[in-house]
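Have a look at these structures, which come just after this line.
In what comes next, subunit A is part of two complexes: it sits with subunit B in the first one and with subunit C in the second one.
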Partner chain A sequence: MTVQYKVLPGPEHYLPPSAASMGIRLPDPGQGHINGRIVPEEEAMEAAARQFLMAKVPTIFPGPLVLWAWNEKAAKKATAIRHLYETIKECITPSQKPMLIPMPDYRPKYPKIDPEVEINPNHPNLTIWHNKIDACMFVGVHCHQANLSLKIIRGGTNCYTIAMCAQAGHEDAMLSFRDATADKIMRLAEWVRKLKGSVQPSEN
Partner chain B sequence: MATQSVIGTKNKKGQVFADPWHMMNEAPRTPCFFTGSEVIKEAIRRANVDVMIAYPITPQSEAAALIGELFAEGYIGDYFRGESEFAVMGQCAGAAFGGARVFTTTAGPGTMRAMENFPMWAGARLPIQMIVTCRGINSPLSIQPDTLEISYLMNTGMLVWHAESAQDFYDWMLKGFMVTEEPDVHLPLALCCDGFFVTHTKDMVNLTPVDMCLPPYDPYRAPVPCMDMECPPVRMMRDPFVMKSNYISYATHASWQQEIWAAAERSRKHTIAWLDGLIEVENPDADVLLVASGTAVSQGREAKVLLEEEGIEVGIVKIKVLRPWPHEEIREATKNAKHIIVPEFNVTGWLAKEIRATIPNSERVTGPRVCGGMTMPPEIIVEHIKGALGIKVAAMAGRGS
Partner chain C sequence: MSLERIKIAPEMFDIMPPEYQDLVQKATYGNESRGWKDIGTSKELIEEHSLCAGCPESMAFRYILASLPNPEDTVMVGSTGCTSLVFPHVGIHNIHSLFGNQNAIASGLKRALTVRFPGRVKDVVVLAGDGATVDIGLDMTLQAWFRQEKFTTICFDNELYANTGGQESGLMQKGFVAKMAPIGKHFEKVRLPEIARESGCHYVVNCTVSKPNLIEKVVKNAIYIAREIGPTYLQLYTPCILEIGKNSMEGLQEMRDAEKPTERFAYREYISEPAKELIAEMTAKEKERKAALKKQLAGQNA
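After this line comes the complex of A and B, so read on.
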């Protein structure tokens, strides 16, 4: 492959390729990736915080693995996610509109999803379009379903995607963490607070 | 829930749940003189398998029966015979959906009969391990070694590995569970060998300690919910995309297919670590390079010795992993070769076709091939190489030569 593929905000293509098929590899422990480039995790933390602070509609999409308290870790992560959301709210300007939209399950929704209350991996673009979401973070979504969503979003929207993955990460996101814990989510919230006031909201 | 927590504890048979890397790479080995079928049994004894489902078809029947003995001894959670190969593979899916580590064996027409299940396994992200002891598949039937069935498996979305020897088989079975159960992979594995050549011959095999076994499979790390009739992948089967004719359904299905092959791509990193590369290369600077998989590699090694006695230098590339396809490795290994010889035990020459599609100047790639259970004496490979080099040789078996 002579040209290095970059995982960038779309809309990319009618049917974009999976990033893995284009040679993008997942990070090792202690690393993250930005646009397919492997970086130290702390660099990814700062970049993710900047995206939240720049976005007009920074949004967190919590999935089933953190929406229900099926074990202690899930409950702790849910608390951390709520804390991150509240931190983003505190650190942005009144012109920005943060959202917290759940992905409660993976069933295709017929005849039509209600994009104001949920997102679905089979047609995530509908929720992104409806709410004009320009930066989002997936957390607590099963990896297969997250990849499905991330690729469809890259194909049809201009939304910047972040994955806070509890397993090996997601190369189909523009920015990905791996081995997510409640502490890691809290660290991201700290980065948002640390950068408060130093990042201007996007004008696009 | 986390596999790490059980390392060092014991299962009901008194085996210690070992760190897999230590068990496979550092723990002492015991040499044993076993048939390939017995080796399959010994690997499963140490694999902490929850469910094995069997159906008789030569040449895997013996291995399946031996694993039944393991069930009787208490090493496997459940074991039964299905109604047919098709039923077996469906039952394997059911067990894997339920969160079990699942193992099965098949061969030849059995593989073909069950074929519909394999893309379903891959699509549902089920890390089932299936041993394929390859044999003839066409009428008039032959139970003898023939690798044609591998070519059908290569586009199912499964990982496909091709073992050369019983030692490969033993190690790769255990390592296979480690690769396929990674959450970023989580795909089924077809671990193939050439029937009879590997299954029914005895060889020295170095076994890991019998009092060690792999830690249990952790379904909570799966990239899909382990069992939920209302959610994909199960939901997709009773309410599939094919029932909906709209762009969203098609786009989701397309993205889903891409994700299966993306998962296979992700297996490279883990497979390279566990198998020490997708290919093995010996003397890549030789003008003549033998590139093969399975027991054709062994025959190639014999041919190499014969040729070197005559002063003809030959290199060998052993392809261990067929899916994901090691295209970069093969391009690199073959870049200097003038003649690329691909000996195969099948009529279509699927491996040579794959290699031709991978490298520049593909006219460098030629046979020889046998099929239908014929053996491939190393002299056949020697004859072919001499022919490629323009060295005149007498025909080996031609009437009137």
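After this line comes the complex of A and C, so read on.
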């Protein structure tokens, strides 16, 4: 009997397998995935909003594709991301601490990065551990770097990962959207507002 | 022009790490007369580095990066070695190539950029250690020169393989004993500047990095000549203070000693005839520009 692999918060173990190699496939347009299970996009929206409202440190990690205003679409997405962040801030309790931490580029910044001000895809755990981040969303990170980073996070932390992907989605995240636009990010913010007060912050 | 190309999304500006904010606000992108004098008053294109404290390679990096005439449209190609640990901290597009392959990568890159961006000047600059340039990569180095590829090759000559603990290099001096070359080198330092000249380089300079103004001049010449005419080569002494047993503060003196008239890094240059003409043209233009500026200033003050 084959056991279906699930993309779950870790720590899984050092060097976890890529989810694709474990049979996880990407959603089609109009869909998302939760733990590797393909779901309608609205279901993923609701689940992502719940994760943000539940987390002690709900965090958005915007990557270079949205941090730099290299075209009009990117600038619009940046506005939408800021709106999502402000919405999360408004909808959570004072005991929760939302964060917006950039991934300005992918250079392996040795010998150190400042985990309070940035995340680096080559050692994302430093930022997650330091700030005790328990739910995060990647947006505007190139696919290859996102997959690398999401896998490292799954391997070494218990952080719940969400990918707001502009292409075909990320199987290495615990929850993934695809074809991200500014409108889609705004819709996620609406979901957060809609569920405000109905989700208990996590205890542990 | 170039500042336009690297705008941070306004909603994200406040969360960007300060070095990126500085990079778009205080770096000298787009300033044709940028040079070593900007160091200290503007944002440098190098962040903290991971070289040994006082390593002259860090000085060389700072002077070169301050002197590139067109940093926003420059791609640097590096190779494995101490230099490769610095590139992740550099605010210029760069490619890390497999050890020794840097001049082959740069050849393809320069050609591709010329086809892809026909209306724009794109400079390619190789920067690699002596091991990468003269030993493992010698084939690629020479073939690029034979083919007259239009880019600049810079060699950080520290006369050994520093990054791997001190093995013998072709550019090491005869008789030199290093940590991992205990019997002493049996043959002479390879005469790469002379070989570069014979291989078709139009501008070749052999010197140390003790003088920032000199580095600015040779880097600019090398890049302008490579753009217009053909390959250029700079061999810069950046002593590995760790391997030769010097303290952090002694790198500069080591270079000054090595550039005395009878020493191996006494200033030497070779300039081909077409390159001489180009330099003369550039000098005349620069004179004209300065005279016009002076006139303009005088007009303003009158």
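The rule is short, and it goes like this: the second predicted complex is superposed on the first by the 203 of 204 C-alpha atoms of A that agree within 3 Å, B and C clash if a C-alpha of one lies under 4 Å from a C-alpha of the other, contacts with A are read in each partner's own complex, and residues count from 1 in each chain.
By definition in this document, a contact is a pair of C-beta atoms (placed from the backbone, for glycine too) under 8 Å apart; a residue touches a chain by one contact, two chains touch by 3 or more.
Since the model is a prediction, treat every value here as computed from it, not as a measurement.
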| item | value |
| --- | --- |
| Contacts of A:Arg82 with subunit B and subunit C, given as first, second, both or neither | second |
| Touching partner for A:Leu67 - first (subunit B), second (subunit C), both, neither | second |
| Which partner reaches more residues of subunit A (counting touched residues only), subunit B or subunit C | B |
| Touching partner for A:His144 - first (subunit B), second (subunit C), both, neither | first |
| Partner chain(s) touched by A:Leu175 [first = subunit B, second = subunit C, both, neither] | neither |
| Subunit B versus subunit C as contact partner of A:Leu53, first or second or both or neither | neither |
| Touched partner set for A:Ala20, first subunit B, second subunit C, both or neither | first |
| Partner chain in contact with A:Arg107 - subunit B first, subunit C second, else both or neither | both |
| Subunit B and subunit C contact sites that coincide on subunit A, given as residue numbers | 107-108, 110 |
| Residue ranges of subunit B touching subunit A (in the complex, touch as defined) | 1, 125, 182-184, 186, 221-225, 230-232, 235, 239, 241, 244, 248-249, 251-252, 254-256, 258-259, 261-263, 265-266, 269 |
| Subunit C - residues contacting subunit A, complex | 5-12, 15-17, 20, 50, 85, 88-89 |
| Residues on subunit A engaged by subunit C in the complex (per definition of touch) | 62, 66-70, 74-75, 78-79, 81-82, 100-102, 104, 107-111, 114, 117-118 |
| Subunit B partner contacts - residues on subunit A that touch it in the complex | 15, 17-21, 25-26, 64, 71, 105-108, 110, 121-123, 142-145, 147-148, 151-152, 155, 167-169, 171-172 |
